[in-house]
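Listed after this line are the structures, all set down as structure tokens.
After this come two complexes, each holding chain A, first together with chain B and then together with chain C.
Take a look at the complex of A and B:
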């Protein structure tokens, strides 16, 4: 009897479920999308708490560590016994044969990796002043030594920790798509909506504009637009310009989707029913049309965000977008421009892994959302 | 106004759709009167314009020509197709529609309660919440919906229940005329019977006038007082149900009737098959539109358009040879 009771309770909640709840439930059944969602959550949390998680701030670099490989972490002491993880500091020595300077480990002293170590000052979330970092090094006496570094992903050509820079770069690389998506969203809904609702001549003009815009190859367009950005402006202004450039192209696809959904939904029987019941045009748009395609819009946006991420990355990589000292994933990848640095410092490709993971996660999430958004399924 | 007075007078309604230089005459010169409290069945093949006619009458489409004279509850007679927006607001609620597809006619994003309440809110913006709730509950009970389920979404209901929701939505603003556009065609036969009986009971209780559009002759025969037969956008025959079914005067009606299955294996019904496809309404045949498929076709039929005339009291036909032919109808026991 208990079995039946349980089942009816479940059924009841299914019958009472709104479209959004149903969508959420279907999404939860999509394991890959669920996994992607949590992965993205981790990435965004990492960007949000970058100051805390990153062992070094953006201004902390050391010439000794220039282009050095990921710091070797030891788990065994000299006798082969298990030990707390520790690293050695680096020292410059002259090669006796070639007289060139090489950097090797100075095994005279161990530096232990510790959690919650004091380091550079920062304000957590821009509010709480702190100097604690998730991990850092302490010497055998337990004192913090800032001259010795642990770069788990190696160091770049300035000697800065790549892991820290990836976290700070994520702040830019993971939020630009949202801002540019928001601008595309507004432009797309507005112009697509006008196009679909009025039809006729207006529709024709807007559609032709979209065709022309989407026929322009994107890289030359970026070059033209970024040439228009005045040189020597602040990082935040640059950020704004980049988003505007990206959304300038991004809205066209969305406008087409909105127009298509508008036209399709306008012909649905329930819209005619509302019209015959005397519901005003405005209310029909707000209550029937917009909710009808909102789920599709969200899907479209999720699938469009990876495009923006790649856009920002490739623009910065080409030197058209963010420029050092600003940090984004594209700026980090700019170091891998020449073959020599890729061959000698393959760890500089690590930011690429983050780009790929993020783009894939967004694509899988969008895929799951698309399956979940279909109300007739 | 009492039962039996004229409520609608459809006069020479034309509906033309233009697309890419082609003009499709979906409805050509259809006229018929509707009395209050009666049910008019409109039958015909797919694509004959019956749905378009229904949508013209409720003004979902703007007909190209013609009038729909409507005698409103307040006694005024107005042309439903000409009235302006403000007047429309007043009379809109008196003519409602029930849709064919119970799936696409309900917004999947609204609860059933919200769907039924929508026309009320649109027409009576000042109605207090309590009153709205009372009316929705009342109408839901009337159409046989379990009121405890009103907070559910349409996806939780079966086809027959959804159609009841559609009926409740149409009825909640107390209309006087309801156009049922293939209202039961999408349902199983057993559910069809339930819904038809429901419509029948509601008519008796509320004094509704139905315009029942269907391709199913047995359903139309069961529910209608009068029947109109449409072919290629034109009304070819219009008469009292019994008169039309027992002695049809148009060869097209005769073939339609012969196609109705009889639930008696001992009766050997002889079908009068229609040959060929329904012609393209963008390029209809000359003369009588039906001549390409008519077994009584003469030269005159190919040249001249037959006049739609009243040959017997209340029995309208558009056929040159209507009076000389003896056509086979339905035999009533």
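Take a look at the complex of A and C:
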């Protein structure tokens, strides 16, 4: 009897579960998608708390550290015993043979890596003023010395810490695709919906527009549109422009899908019933039709985000997107634009790892969502 | 079938008109015009321009009219005289500037397109037939990495690797000897070798997409009843794969063909700038930056028209491949 009861309770929770709960449960079985989701969460949290995690702010660079390799971190002291991790500071030395200035480690003094070290001022989440950073350097007396730096991913051509710049760049690189995906989402549903729901002349016009927009190769289109951005505008306005450009191109594919779904759904009895009950067309689209395939759209959207991330990178690379001093992953990768810089400073490729990880994570998450949203699997 | 093709070709014309209009609108969107950027560039070098000079230049280039008038004049010349306008930057006809690089651009794009399908179809079929095997995982892994890496960085990585291995940087499609002596048969191997880098760089992003589509479609088709029936009746696996499943699975692949042409054009633009290829991408970038609008407009127009033709051809191929499309159009 107990067995019987238990089974019904379980069944009931299955049958009563909403579509979204079912999707979530299926997604949890998809290990790769789960992993990707956590990875993305970590990345977004990293971007959110960039001020705290990054040891140096965007304005803090030091010409001594220009193009230097990742700071060497020592775990053993002179006797070979385990020690707190420490680094040495850098000094300029004149090479007697070639008469060129080379930069080497000054091993006279150790600087220990410590957690929660005081550094540049910032406002956490834009609200809480603080000057604590996740890690930083203290000298042997335990005092903070800001002239010595630990750049775990090396330094760029201005001598700024690449790790810090990656974190700040993530704020742009991770949110632009997200925001522009959201805009494309709204545009796609609205225009695709209108096209499929009303049909006829409107449908024809919207279809032609979609055909036109999707026939123009995307990079020339980006180039032309971002050439239209007036020069010398503020970073946030630039951000807005790029978001709009990306979403301007992104909505067409979605609109096509939405249209197809609408054509299939608009002849259903429940739409007729809603119409007879006097529901407005707009409300029928938003309340009755869209929820029917929203899960499918979200999958589509997730799979579309990687494209925008790569797009932002290419745009910045061509000098058409964000420009220094603003930071994005594309701006960081612009430093690797020729063979010489890659050959001399291979650590400048580290931002690429973050781009690849993010793009892969979104792809895997999208795949997982697709499987989860499919009721027949 | 004939009616279907005719109908598609007729639909092509209004699309073409809209597309040229949209392109011209976007190209003239940046504030200022060629004279502004020309004057700015020349002033930086110490030239002095009076307001009359500037007005004279503007009138000479016909930049005083509104952009709609400019657009109508541009189209009128294209249709009536086959004249695509005048490139301010190069100081000659747009068409002659484009012809310098058109053949190479088309050849490179076409080779990449063929390469993509030649590589990805067999791999996609293999992955579907050996689902969850080591080979399947390896190819999927490569596929994902290929899609996730920005094109231009892949180019730099490969060029760096080749530089480390051979001590030679392969920039561009032609070596200095080829340019000096013209093309000879003995240069063909080196030319092909030089083609390989852009081929891999520009081709990979699309290739991975096609592999994944083919794999997913083939798996879907193999789960269908008709496959089971064919197998029960004793058809060979080769017949099932190539005659039944593949034909059904090809549908989205064929309809995506124009899309891949579009990604090739986009991909080749950025990669060509990195790899210093003598194709149209870099010309387009400089034309856009200096607001040489007829040149930029014509290049984008040609690319867009090629994509449209590609869509048209793939739609026709689809109708030929899938009788359902033909018949629904007739009824």
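Observations, loosely collected:
The definition used in the following text is that the second predicted complex is superposed on the first by the 343 of 377 C-alpha atoms of A that agree within 3 Å, B and C clash if a C-alpha of one lies under 4 Å from a C-alpha of the other, contacts with A are read in each partner's own complex, and residues count from 1 in each chain.
As a working rule, a residue touches a chain if its C-beta (ideal position, glycine included) is under 8 Å from a C-beta of that chain, and two chains touch if they have at least 3 such contacts.
Remember, it's a predicted structure, so these values are computed and weren't measured experimentally.
Shared-chain residue A:279: touches chain B; no touch with chain C. Of the two partner chains, chain B is the only one that A:269 touches; chain C does not reach it. Of the two partner chains placed by the overlay, neither chain B nor chain C lies in contact with A:179. Touch counts on chain A: comparing chain C and chain B, the chain ahead is C.
When the two complexes are overlaid on their common chain A, residue A:218 makes contact with chain C while staying clear of chain B. In the superposition on chain A, contact of A:288 is made with chain B only, not with chain C. The interface of chain A with chain B does not overlap its interface with chain C at any residue.
On the side of chain B, the complex with chain A involves touching residues 58, 60, 89, 92-93, 96-97, 99-101, 103-111, 118-119, 122-123, 149, 151-153, 155-156, 166, 169, 173. Listing the residues of chain C that touch chain A in their complex gives 14-15, 18-19, 22-23, 26-27, 29-31, 144-145, 147-153, 156-157, 159-160, 163, 169, 258-259, 262-263, 265-267, 269-270, 273-274, 284-285, 288-289, 291, 296, 299-300, 303-304, 307-308, 311. Those residues of chain A lying in contact with chain B across their complex are 14-19, 22, 268-270, 272-280, 283, 287-288, 291-292, 375-376. By the touch rule above, chain A contacts chain C in their complex via residues 208-209, 211-221, 223-225, 227-228, 230, 306, 310, 313-314, 317-318, 333, 336-339, 342-343, 349, 352, 355-356, 359-360, 363.
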